[in-house]
Amino acid sequence: MLTVNIAIIIPFLAAIFIPFINKKYPNIHIGWFALFVPATLFVTLARYIPTIAGGKTYVYTINWIPSYGINFTTYLDGLSMIFALLITGIGSLVVIYSIYYLSSKESLSHFYVYLLLFMGAMLGVVFSDNIMVLYVFWELTSISSFLLIAFWYHRKKSRQGAKKSLLITISGGFGMLIGFIMLSGIADTLSIREIVLTIGDNTDHPLFLPAMLLILLGAFTKSAQFPFHIWLPDAMEAPTPVSAYLHSATMVKAGIYLVARFTPVFGGEQTWFWLVSGVGLLTLFWGSFNAIRQTDLKALLAYSTVSQLGMIMSMFGMGSAALHFGYSTESVVYTQATFAALFHLINHSTFKGALFMVVGIVDHEVGTRDLRRLGGLITIMPATFTIALIGSFSMAGLPPFNGFLSKEMFFTAALNISQLDIFALDTWGTLLPVIAWIGSVFTFVYSMIIVFQTFFGPYQKEKLDLPAHGASRGMLVSPIILAVFVVGIFFFPNLVGKYLINPAMTTIFPRLAVEGDLGQTITIWHGFQPELYMTIGVIAVGTFLYIFRNYWKGIYSLFPEKWTFNELYYFSLTQLEDGSAAVTKSYMTGFLRDYLLYIYLFFIVAIGGILFYTGAFSFDLTGDEPVTMFEWSIIIVMIIAGITILFAKSRLTAVLLNGVLGYSIAVLFVIFRAPDLALTQIIVETVTTVLFLVCYYYMPEWKKENKPTRTKRINLIISIAVGIVFVLVALSVQSGKLFESISGYFENAYELAGGKNIVNAILGDFRAFDTMLEVVVLLIAGIGVYTLIKLKAGKEDENIEDQ
Amino acid sequence: MNEREILEFIAVLLILLGSILSVISAYGIVRFPDVYTRSHAATKSSTLSVLLTLSGAFFYFWISESFFSVRILLGILFVFITAPVAGHLIIRAAYRSKVKLSEITIEDELHEVLHEEDKEFIHKDVLEKEDREKILRNEDKQK
Amino acid sequence: MIEIMLMTSIALFGVAIAIALFRIVFGPSLPDRVIALDMIGVNLVSGIAIISVMLRTKAFLEVILILAVLTFISTIAFSKYIERGVIIERKRDS
Amino acid sequence: MKINNVILQAVTKIAVFIILTLAVYLFLSGHNSPGGGFIGGLVLATAFVLLFIVFDIETVQKAIPFDFKRVAALGAFLAVGTGFGSLLFGEPFLSQSFGYFDLPIFGKTELATVTIFEAGVALVVVGVVVTIILSISEDV
Amino acid sequence: MNNILVLPMVIPVLAGILLIFLRPYIKTQRWISLGVMIANIGISIYILNRIQSEGILRLDFGGWEPPFGILFVADSFSAILVLTTSIVTAVCLLYSFSSIGKAHENMFFYSFVNFLVAGVNGSFLTGDLFNLYVCFEIMLLASYVLIALGGKKIQLKESVKYVAINVLSSWFFLIGIAYLYGTVGTLNMAHLSERIAESGQTPILTVISILFLVVFSLKSGLLLYYWLPGSYSAPPTAVAALFGALLTKVGIYAMFRVFTLIFYHEPGITHTIIGVLAGLTLIGGSIGAIAYKDLRQIVSYNVVIAVGFILVGLAVLTPEAIEGSIYYLMHDMLVKGLLFLIAGTMITLTGMTNIDYMSGLIRNYPFLGWMFFIVMLSLTGIPPFSGFIGKVLVGQGTVDAGAYILLALAFLSSIFVLYSLLRVFLNCFWGETIISEEDEIPMKKGWLIPCVLLTLATIGLGLGAESVAIYVSDAANTLLNPNIYIDAVLHD
Amino acid sequence: METLITILSGVLVSVATYLLLSRSLIRVVLGSAILSHAAHLLIMTMGGLKRGSAPILGEETESYTDALPQALILTSIVISFAVTALFLVLAFRTYRETGTDNLYALRGFKDE
């Protein structure tokens, strides 16, 4: 079935064409073209709902890099179906909303290009079967989200928020990539389906646990789980449609998707269970707790999103416990946590999307989102208020809205799981429902804040930037549709359950699903159960806390700003920059001596160290030729001349001594039977000396080095050490000769190359290529010297480069 | 000892003579008091020594291997021509750069001709390089 | 006999070179050093001649000539350096 | 005060002649005895250097009006070009060949492509050494 | 006859020489140089394909059988690198046409570029150790001149250090060759490998191998990268881009060649050290990349990070890792060239180097901004750009070899790459516009087109990774099985 | 002989190292020249010293010295000459341009 692959590609193609279309029809809002894409995709996908619900799956592969098994394989099953519908469905609504939200003065084509990129990437994430391709799209979502957050890039806050989100999500993505690599190493395949099939045999692989942790890292960063949640509030700098789409309904749920997708792989493991549900619950608590203190409506929603995501995450964690058992009637009970998670996932998208749009409307019409300045809007924008009410109450878990159902199921699941006696649940299990309950109380409180602070109370006209008036109709379309869903799902939950969630359950629990039905019926009323009491408790305590919130808000000051993770993030970044600047500048002195010192030290340590570590040193005098008197005197002359250079008082003396060295080497070459070398050496030496003389005339006199004694001493030690290592290696090589040289061959030079001078035959024939190249070297040097001297920088060139 | 061996011996004797001369001139170069006197040792006796040695080598090759080496002859010729010139040049340079004469020098006739500008007769090894650079830099500035 | 004589003479040249090196190292003036270098060069010419005789090879005869040439050139270069500072002039006018 | 250079210049003329002869000899004899393109070129270069030291740049250049950069480039071109020559004959790059020919005057003579190669080398050496020294000296 | 092997090196040499004669004709010089590079692209593609069908090719210069003569050996690894070099150089030349200036062009600039390429290609192709040294020297001398060409103060200051350090490293190379010749008595790399395999890698050979490690570390900037940031930020943009793309890669190539072909018997010592060095390089490069506010410095430290990353592959020595390194090497050559070009263009356009003072460039130069964005992603290893596949394969290799510290460092360094470049992007391209319409320096087409070409290359290499996969896996196979190379050279 | 020459080149290496580590640019250039001397001596030593006669065929002898190192040294001499010349000129230009040959003053980038 090609449709799925095409469904991923279409948004990308559309993104390419958007700028052109925008140029061609500048008068029509480009959003209408963009709307076409998600709407079509939604309809197309929706047509598959019945077949998917019937247990059918679709796989299709397009080859990308088959050599490494990285292929563009798509897989449409229940789980991806839910997400795909959310992406395209909410996507369509958001596009409609944005058409009215964004004025045509903005650079709309950029906006829709990013949005479509994101949509395509997101579809890619949920449809990909190949984990590498999944990763590709995963990072693309991060990037497009980065671009969307920084849509108003001239604002500093937007840039900061974008930077933070990109850094955190991409880093998490890298972790996930490593995890994927490890996982593919374990399972020897890149296909998720195959991994699920074979992983059972490999759970004791040493890399199994690290892979799990790293993949979770990716999921947690993307889904803004504690403590990586800090990027999400800052991401609210994005235009509101973006927040509604990415940061509540879709992108943050990619992490959830990943957890769900990998539950069949890792589920049933204790670490997985505790990490996912533990982190989820912690996030639930921390997010809801922090949401209350926010004064910016969008920030409040951001924290609420964090907490809701934590809740969904924890439910997936709890549900994974079912995999620990085989199929039995008990284990089916535990899967209902997962069922609830999927259900809440859908519900959350509906009500949170609606709420974000409401906030966007308020912001758009009133000009502020600050809770301290808002109030009394109920009379001015009644329709908006109604939607806000529906959304908030659903979020708070009140009937008759869909949030109530999933919240109830969440309590049920938490209670059930706490009864288990695996994974040390007998000791810590009771914590689960307790934290869940506390988190729900806070959720209730902030939901109330949204409704009552914004729409009730005194209307403070003087504090608002714009005169308040009702929302435009077009902007209300999308939130109303979502609100209808919120209510609708409450009354017909089993429609969703049967067609969307059940197939997804089959994906998450493949081994259980073959044994029997995992489906559940959602009932609105199931008698006076503990979970109902819990809900009532939530409402009671929540109302109490809401009314007296000014009395207990003091506890927030217990958590000073400095101690938040957000501050930690900024602190570590600045520390990192300052620290690395300090470290780098401490060794990058720009002083040649220091650089050479590093090299020499490295040489001494590495070569000397290895020499002694391997015991390579050996010394053997027997092969040596005898030394005559003349040779002794030449050698002594050279040693004296060499050492005297160090103490030479004028540069000319030094050059002269260098000349002595050169000529003496020529004599040594004579002694060693190398006439050609001797000839070359003396001529080159003379020319070099002449060069030195020519240049030195224009250079300053050789001053005495005013170096501290310590520097001198270090230099001396280094020099001697370098000499010693050099000699030791040379001596060891002398005594450790392994083979005869190949040069015997060259002694037939006369027959082979027609020359009696072997050295010249080698240079001119056997190794003529070297000679040719060295001629080129010489040529480069010659021309180079010419250009160096002739091409001088004019004054006008000395501008920026010398800062 | 046949004739050839005698000739060879003579050739080698020439070489030995040259080497002895070279040591003598080396001794001179250490012992003489100033550069002008030292140049006598270095250029005159040293040249003689090298001429002797080279002739010895030339004869040796001619005699023992009947190899008439043009190269050695050229070498002899070359040293013969250039060594005095080199000595001349270096001493002139020394004098112009005002290398002081030995304490025991009695008369310096050239001084008034060449160094009339500085009556004080500044004794310096070489003209200060720094001064030259100063001049050079001033020129640059003027440009 | 001949061998011994050759060995002696080459040793003597070695001694002469070493002594000349003394002048190079201790100066005191630059011309002193240059003279000493000139002398070393000339002595090396002799030394190489002796080595060729000892080794009975004609391979080094070029070296002798070249060394003589170069000693001359470097002495001239040095003396010009001492005398005028400049070795190669663009246009001789002084 | 003018410095008299008559002695030096007179001697130099002879010396340069000797050096030039030597250079040519070294270059040609390279195949069978010490010498060759490099050394020949270097000796030739020292002859130029001597001329530049003893006379001045303008005088010498008036007598020998070469652009030494181009001399060097020409040399490199020759050296690399001989390599290319062997490509034309389908031989591996830089294949040298030699043969003995009976020439009317010289008798049995060895002719080798190496000589062209070596000539290139020599030209480069001369060109580069002189270019370097001239460039520095002219930069005052 | 495989005479075609010598062309990638000799054509640039010949062109470089010819251009000296054509000094006054700048237009001709430009087109000849560009033509040479394009010809090289064609030739290297041809060679690459012939290697696939005929195995490793070799050319014995002068017809002398190895190990006595010098020879060029082309396996897939070298051919790939030659190809990439030609592409990058062609693009950099294109950029230099409109940026380098008449004064440079008149001073044999194109000759030097040609010589540089000749040295680089020669180093990739040669099969003889001493010839490798000579090729290095050609490359280095050309780079010495190119770095100082223009004679600005900063260029001279930096080039002095660059030359001094490289003289030292060449010296190490030379004594390394001397030691090796003393021990094994040959210079042909295949013959060396055979002889060492025959006698076993004695302790002294291990010591010598470490000496070569020092040499190539210096050239490639593995741990000993101190010279790199300074000298890469001094020359004009086109030259800096060439340097950033090519110079360190030659060192890396040599390291791969020597430590897979010759000294592969003691991985416990040599490759462990390489691993440690690679790790330290990653750390140092990462720290350096975020330490400075000077755009040129940031960009230069990114070169260092890449060096560390590529050598992680050599350190772990598994097939995946080597393949990954080769991919990454190709990717890095293209993208580093692009990065340097873009950074240089930014500096030219704004007249500033400090990223704190640049702002809002994307409004004036949107194309440049988006290309920078793509470079950033590509260097970070974000798919579907070219860095991705290399990163994944190296990751796989390290996992297989159990080198988890290297794995962690390699991926952490990517975050630093991202962070350092993200800072640049956010500061320079986004934010309030500071350049008013009047002050805006118009973007020249000649600056933009080369950047666009390289951007397309990185996207193409990322999406079309499959098209080079066979070459890369053949290259890795040859590297890991030295006998293939030896047989092709010695036992034909 | 071999040991002696090795030690000699070791001394040269030490001297060159000391020069390279100094602050003055002209010393560094000189140091680089001396370094190459040491390397050449080393290569020579590695091929074995004073064994056989000069590698010119035709002189009646039973063995020749190793000619390959000589060829290598020859190449190396020329290359180091080229490098030294370039380095020298670079130092010279640097001095003319910046007015100092003190490497400490030539540290380059000032920190912004």
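For clarity, chains are labelled A, B, C, D, E and F in written order, and residue numbers in each chain start from 1.
Keep this in mind: contacts are C-beta pairs under 8 Å (C-beta built on N, C-alpha and C of every residue); 3 or more make two chains touch, one makes a residue touch a chain.
The UniProt protein names, listed by chain, are A = Na+/H+ antiporter subunit A; B = Na+/H+ antiporter subunit G; C = Na(+)/H(+) antiporter subunit F; D = Na(+)/H(+) antiporter subunit B; E = Na+/H+ antiporter subunit D; F = Na(+)/H(+) antiporter subunit C.
Just so we're clear, the structure is a prediction, and the values are computed from it rather than from any experiment.
Asker: Taking each chain's centre as the mean of its C-alpha atoms, which one lies nearest the mean of all protein C-alpha atoms here?
Answerer: Per-chain C-alpha centroids compared to the overall one single out E.
Asker: Taking each chain's centre as the mean of its Cα atoms, which chain lies farthest from chain F?
Answerer: Using the mean of the C-alpha atoms as each chain's centre, the farthest one from chain F is A.
Asker: Across the interfaces A-E and C-F, which one involves more C-beta pairs in contact?
Answerer: Ranking A-E and C-F by C-beta contacts puts A-E first.
Asker: Which integer distance in Å separates the CA centroid of chain B (Na+/H+ antiporter subunit G) from that of chain C?
Answerer: 9
Asker: How big is the gap, in whole Å, between where the Cα atoms of chain E (Na+/H+ antiporter subunit D) centre and where those of chain F centre?
Answerer: The answer is 28 Å.
Asker: In whole angstrom, how far does the Cα centroid of chain B (Na+/H+ antiporter subunit G) sit from the Cα centroid of chain E (Na+/H+ antiporter subunit D)?
Answerer: 55
Asker: What is the distance in Å between the mean C-alpha positions of chain C and chain E (Na+/H+ antiporter subunit D)?
Answerer: Those two chain centres are 48 Å apart.
Asker: What are the residue numbers in chain C that touch two or more other chains?
Answerer: 10, 13, 15, 17, 27, 30, 34, 55, 57-60, 62-63, 65-66, 69-70, 72-73, 76-78, 80, 83, 85-88
Asker: Out of chain A (Na+/H+ antiporter subunit A), which residues touch more than one other chain, so two or more?
Answerer: In chain A (Na+/H+ antiporter subunit A), 585, 590, 592, 596, 650, 671, 673, 675-676, 679-680, 683-684, 686-687, 690-691, 694-695, 698, 700, 726, 730, 733-734, 741-742, 746, 756-757, 763, 765, 767-771, 774, 776-785, 788-790, 792-793, 803 touch at least two other chains.
Asker: Going through chain F residue by residue, note those that touch at least 2 other chains and give them in order.
Answerer: In chain F, 20, 25, 28, 42, 45-47, 53-54, 56-58, 68-69, 74-75, 78-79, 82-83, 85-86, 89-93, 97, 103, 106-109, 112 touch at least two other chains.
Asker: Can you tell me which positions in chain A (Na+/H+ antiporter subunit A) touch chain F when the two form their complex?
Answerer: That would be residues 585, 589-593, 596-597, 600, 621, 623-627, 631, 635, 638-639, 642-643, 645-646, 651, 654-655, 658, 661-662, 665, 668-669, 671-677, 680-681, 684, 687-688, 691-692, 695-696, 698-700, 702-703, 705, 707, 715-716, 718-720, 722-724, 726-727, 730-731, 733-734, 741-743, 746-747, 749-750, 756-759, 762-763, 767, 770-771, 774, 777-778, 780-782, 784-785, 788-789, 792-793, 803 of chain A (Na+/H+ antiporter subunit A).
Asker: For the complex, give me every residue of chain F touching chain C.
Answerer: 53-54, 56, 59
Asker: In the complex, go through chain E (Na+/H+ antiporter subunit D) and note every residue touching chain F.
Answerer: 130, 134, 137, 140-141, 144-145, 148, 151, 153-154, 156-161, 163-164, 167-168, 170-171, 174-175, 177-179, 181-182, 187, 230, 233-234, 293-294, 297, 354
Asker: Quick one: in the complex, what on chain C touches chain A (Na+/H+ antiporter subunit A)?
Answerer: On the chain C side, the touching residues are 7, 10-11, 13-15, 17-18, 21, 24-25, 27, 30, 33-34, 37, 40-41, 44, 47-48, 51, 55, 57, 59-60, 62-63, 66-67, 70, 73-74, 77-78, 81, 85-88.
Asker: Can you check the complex and tell me which residues of chain B (Na+/H+ antiporter subunit G) touch chain D?
Answerer: Residues 74, 77-78, 81-82, 85, 88-89, 92, 96, 114.
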